[in-house]
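Structures for review follow.
Shared between the two complexes below is chain A, which pairs with chain B and chain C, respectively.
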Partner chain A sequence: MRSGLALLAWIGVGVALIALPHGLSFSQQEILVFLTINVLLVASYRMLTLTGEWSLGHVVIMGVGAYASALYSKHFGVFVPAAMLLGAMTAALIAMGLSYPLFRMKGFYFLIGSFAAGEIIRLLWKRFREPFGGVKGITGIPPVPDVNLGIWDFVFFDPISYYYFVLAVVSFCLWLMWRIERSPVGLTFHAVHWQDKLAEAAGVNARAYRTLAFVIASGFAGLAGALQAHYIGAVNPTSFDIEQMVFVLTWAIVGGTATFYGPILGCIVLTVLNEIVLRGLGFEQTRPLIYGLLLILSVLFLPKGLESLVGRVLPRRATSRTRAIIGAEEKA
Partner chain B sequence: MFVNFFRSGLSRRRFLSSAATLSGIGVLGATLPRKVFAQDQVVRVGFLAPLTGPVAAWGKPGLDGCMIWAEWINEAGGIDIGGEKHRVEFIPYDDEYDPAKARAGATKLIREDGVKFIMMLGGDPWPGVQPVAERTGMLFSTLLPSDLSPDTTTLIAPAEVHPIYNVTGVEWLAETRPDLKTAVICAQDDALGLPSVATYLAAFEAAGIEMLEAPILFDPATTDFAPVVTRMLARNPQIVCLDTCYADYVHPICEQLFQQGYEGQILSCTADFYEQIIEKTSKEFMEGFVFQFPDFDDPELNADFINFQEPNRFYEEYAQRFPGQWGAVSWEYASIMDLWKAAVEKAGSAEPDAVLAAMTEGGTAPHAFGEARWWGRDLFGIDNALVGNWPVIAIEDGKARIKAFRSIPDWYDKHGELLKKHMAAYNQLWDQRS
Partner chain C sequence: MTIPLLEVDRLTMRFGGLTAVDGLSFAVGHGMIHGLIGPNGAGKTTTFNLISGFYRPSSGEIRLRGEKLSGLRMHEVARRGVVRTFQHSTLFAELSVLENALIGTHIRFRPNIFAAIAGWDAEDRRGARARAEEALDFFGLLTLADVRAGDLAHGHQRALGMAVALAADPDVILLDEPFTGMNPEETGRMMTLMRKLRDSGVTILLVEHDMQAIMGLCDRITCMSFGKLLAEGDPGEIRGNPAVIEAYLGGSRDVA
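Right after this comes the complex of A and B.
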């Protein structure tokens, strides 16, 4: 009975997501595309934080996926969806390379080390005009080829078509990440975070698991970057600077990272607030001020993030696992 | 706190007090005086530029200037389109200097707000907007002609041909101060800095001024300019050129030059909020500082060949409303509107293709600083940049003053090959940009 209701709920969510763009204005459809991509980005960031490490280079890794996919498709003529996958794999490979020096550090040192690594990559993009385009980046990136399925003509310049494409990709990726977190590997990520000494005593190679989380998260971030690059048609180093990283951190902090949906909730709420509500109310130029004020208020009054609000309003929905994680965080 | 709010529910007292407050706000809003316009018809213009963030200084003052422009035009009866008067309305959208947000903004302005023309700062956001421009045929303007290419047929650069006008400052300096023979340049390593470096190198070479070392390119994230300035001064230059540095760089670099005892000539593309630099250094130190953007209270702007409407009054109004905020772009977007208005009235239509045709007819158009011609095929692959005279400004006794107007086309006719050589060296020709 309960699983049937859950299935119905998921079907309802699916129908709502499919119908959603048709109820939005043209510009809101554009924002919806970027929001969906950012959901993948912030969910991948949470995967990294499962092992207890917070990175300041995640947006740069997203950029690696964007640049790689752009170069594969533009210079080597790789079919765009294949280039996106290759871009994601390149981001994962770069993360693997970075993990060797970075995971010699932990905590705050890892945070600063990841920032430095990210800046090195960004400076390389700026310095080498071939092949990265220097400060102006790469423009004229091929779009996803249009597809006619009979029932729907997918013209991917159109935000609704691209939203459906992105929604399918992001949904699949979220499902994968969900499965990974629920697998023994995911449980080990949690163990490395909360009880790393105990886990190591039990034979877990904590560094290897931190690397694994970093590589998987980077692969998904790279895919998010590729999705964005082929929609906008351009990438440049500024799009992946520390300012963008602060947004990702903010989504994660305001949403909370104890649950799978926490950072996603943060991303959705803050994006809608910043891009739709505040713009719609005419606060075009005072948005940073109001946005900052709301962040301070949310940290003051919701220190455990929006997910804690959901957990308390709908206490029966919180799983025992979620409660256990929140409980562990409270103890920590 | 929020949880308690939800849990406590909505009491009768809370409901009544909230309803009374909302009603009060509604009544207040309804009774506030509203401006009544004579015209019923409105033509909308989009303003898609950074209004927040680090590049806002080149967007926000322009919007402020446009609002003054629109008020004046509307008070004078509006724009005549095919014999009917139309009120002008600006619809701003903050693109945050980001291509993704610029794309969303362009979509909103075109498909939801029904604008007939969109003004942009240009630069990084343009590639995000270009596909929208190509598919909709919307007329866009940019302040950065480096966005131009043979594909950008509906993009024009009618206000400034950055950075080509910088040659006028070097040319004037070489004529008035022939004793200055050596120079150094520093610039941020970005899309604004690099073409400007190439232009200054060409201008210095044309003027016989020797570069003491290769231009120093610093990262845009730089905040400590002491090492940059120390390195420049180590060569004992007669001219320190600040290229097209943002105000956030010009100010600290000038402070450093002052603190490190530099007494030579300073040359820059912009000197936004120069009063603040004078406060941080001294009037004597800033005396003779040469740059390219005038204050519009300058009497020289009352000359007959100036096409900008009432520049002195515009400056006075701007300074009154936004004290201390006059900058390089305060007048530029408004000057584009002058050009657009003339083209709309000439075409009898606000439709983008008709306006563009009217604007470019005959190959010339009235630029703010005099009659100018559509130009740019050599550098940008398309003649969509309006180029003519440009002023050279120097600070005298703490105030910016126009020293001369120089012709950019005349300089280019003599030294164009030099400019192309240096632009090519920095990969800035249109066919070198990726």
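Right after this comes the complex of A and C.
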């Protein structure tokens, strides 16, 4: 009965998400595409924070995926969806390399170390005109080739088509991350976060698990970057600077990171607020000011994030995570 | 001659100019409750941290069944069968009691991310759960399985620390001051659990201050002072040893 209701709810959400762009203006449709990509970015960021480390290099890692995918498709003629996957893998590989120096540090040191590592990558993009295009970056990135699936003619220049493509990819990625978190691997991430020494005493290779979370999160961030690059058709170092990183951080903080949906909620609410409500109300010049004020207010009055509001509305299922980890839900 | 289960051989640990452990040797036999005692600053906890892989020794060796343990990292030591607990109530406070015990099963049921995504690990998840519940049941914690570990009473938290270690199926459990902060009743209950643990075939090495508990519980005792071995023997021998009495009381008075 309960699972039947849940299925109906998911179908409802799916239909709403598919119908959503048709009620929006063109510019709002574009915002919707970026919002969907950012949901993937912020969800992947949470995967990283599961082991307790907060990085300031996540957006640059996203950029690694974007640059890599752009280069593979533009210079080597790789089929665009394949280039996207390769871009994600490149981001994961770079993250793996970075993990060796970075995971010698923890806490604030890791935070600053990740920022420095990200800036080094950004400087490399700026410095080397070949192949990264220097300050101007790479332009003329090939788009996703159009396809006709019979039910819908996908012309990916059109935001609605691209939104459907991104929605499918992002949904699948979120499902993967959800499966990982609700598994013994996810439990081990939590263990490394709360008491890494105790976890090690139980035989957990804490550093390997930190690296694993970092690599997986970077792979998904890289994919988000690739999705963005092939839509805009251009990448440059400025689009992955610390300002973008601050946006990701605020989505995660305002949404809350205790639950899977917290950061996603933060991303959606803040984007809608900033791009649609404030813009619609005509606060063009003072938008950053009001946005900042809202942030301060939310941190003051909702210190546990937007997710704590959801927790108050929905009945608590305290042990649902445990049941997932031990496989009890498979039977249901 | 049979090889003892756990051997500490001329173990030395220097922190800068300070020699915390100085050429310490002793052996822990299979199926024993072995106590490591000594006055404050004798180097007990350092020895403990050396055995569990928390520190690397400056020189000397630690062997399990003749195989070298020293130099390995903590999770590698644990995988070879030597699992430690921590002082105070070091637990995964935000996780449930059952989840704490599930982390303990990590060595035997190593998670695999691809199997986890595809759902091929149902058997492992059931196995891990059964093992975790067994360990909780051993310490009488099964009814509290869904409680957040941080909300447990102090005595239960200490028991859970041992349950996490037991879930890993160790050959040797290292207990770091298991009776700290316990009232006599809790201490008595904990001692019963430790004997039960030993009788199930787990060897226990414990560091402790509480002399009464040590004397009543241990099969064998190693006493340290200033990083060196002072005396070794059964509780009766240690109690009557003049060197031990002097180290503790600073004079040759009788212990009441």
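Methods note: the second predicted complex is superposed on the first by the 314 of 332 C-alpha atoms of A that agree within 3 Å, B and C clash if a C-alpha of one lies under 4 Å from a C-alpha of the other, contacts with A are read in each partner's own complex, and residues count from 1 in each chain.
Rule of thumb we're sticking to: a residue touches a chain if its C-beta (ideal position, glycine included) is under 8 Å from a C-beta of that chain, and two chains touch if they have at least 3 such contacts.
Not measured: the values here are computed from a predicted model.
> Between chain B and chain C, whom does A:313 touch in the aligned arrangement: first, second, both, or neither?
After superposing on A, A:313 lies in contact with chain B but is clear of chain C.
> Which holds for A:168: it touches chain B only (first), chain C only (second), both, or neither?
After superposition on chain A, A:168 lies in contact with neither partner.
> Going by the contact rule set out at the top, does A:139 touch chain B (first), chain C (second), both, or neither?
A:139 contacts chain B only, not chain C.
> Touch check for A:116: first (chain B), second (chain C), both, or neither?
neither
> Please indicate which partner A:187 is in contact with in the superposed arrangement: first for chain B, second for chain C, both, or neither.
second
> Touching A:205, do we find chain B (first), chain C (second), both, or neither?
In the superposition, A:205 contacts chain C only.
> Could you say whether A:176 touches chain B, chain C, both of them, or neither, answering first, second, both or neither?
In the superposition, A:176 touches chain C alone.
> Would you tell me which residues of chain A are touching chain B in their complex?
Touch residues, chain A against chain B: 25-27, 29-31, 34, 123, 126, 129, 133-140, 157, 159, 228, 232-234, 236, 238-239, 241, 243, 275, 279, 284-285, 287-288, 301-302, 309, 312-313.
> Within the complex, which stretch of chain B touches chain A?
That would be residues 1-3, 6, 51-53, 60, 92-94, 97-101, 103-105, 107-108, 111-112, 124, 127-128, 130-131, 135, 189-191, 193-194, 219, 221, 427, 433-434 of chain B.
> In their shared complex, at which residues does chain C touch chain A?
Where chain C meets chain A, its residues are 52, 54, 73-75, 78-79, 83-86, 90-96, 98-99, 102-104, 106-107, 109, 111-113, 116-117, 119, 121-122, 124-126, 128-129, 146, 164-165, 167-168.
> Give the list of chain A residues in touch with chain C in this complex.
Touching chain C from chain A are residues 176, 179-180, 183-188, 190-191, 194-195, 197-206, 212, 216, 318-319, 321-322, 325-328, 330.
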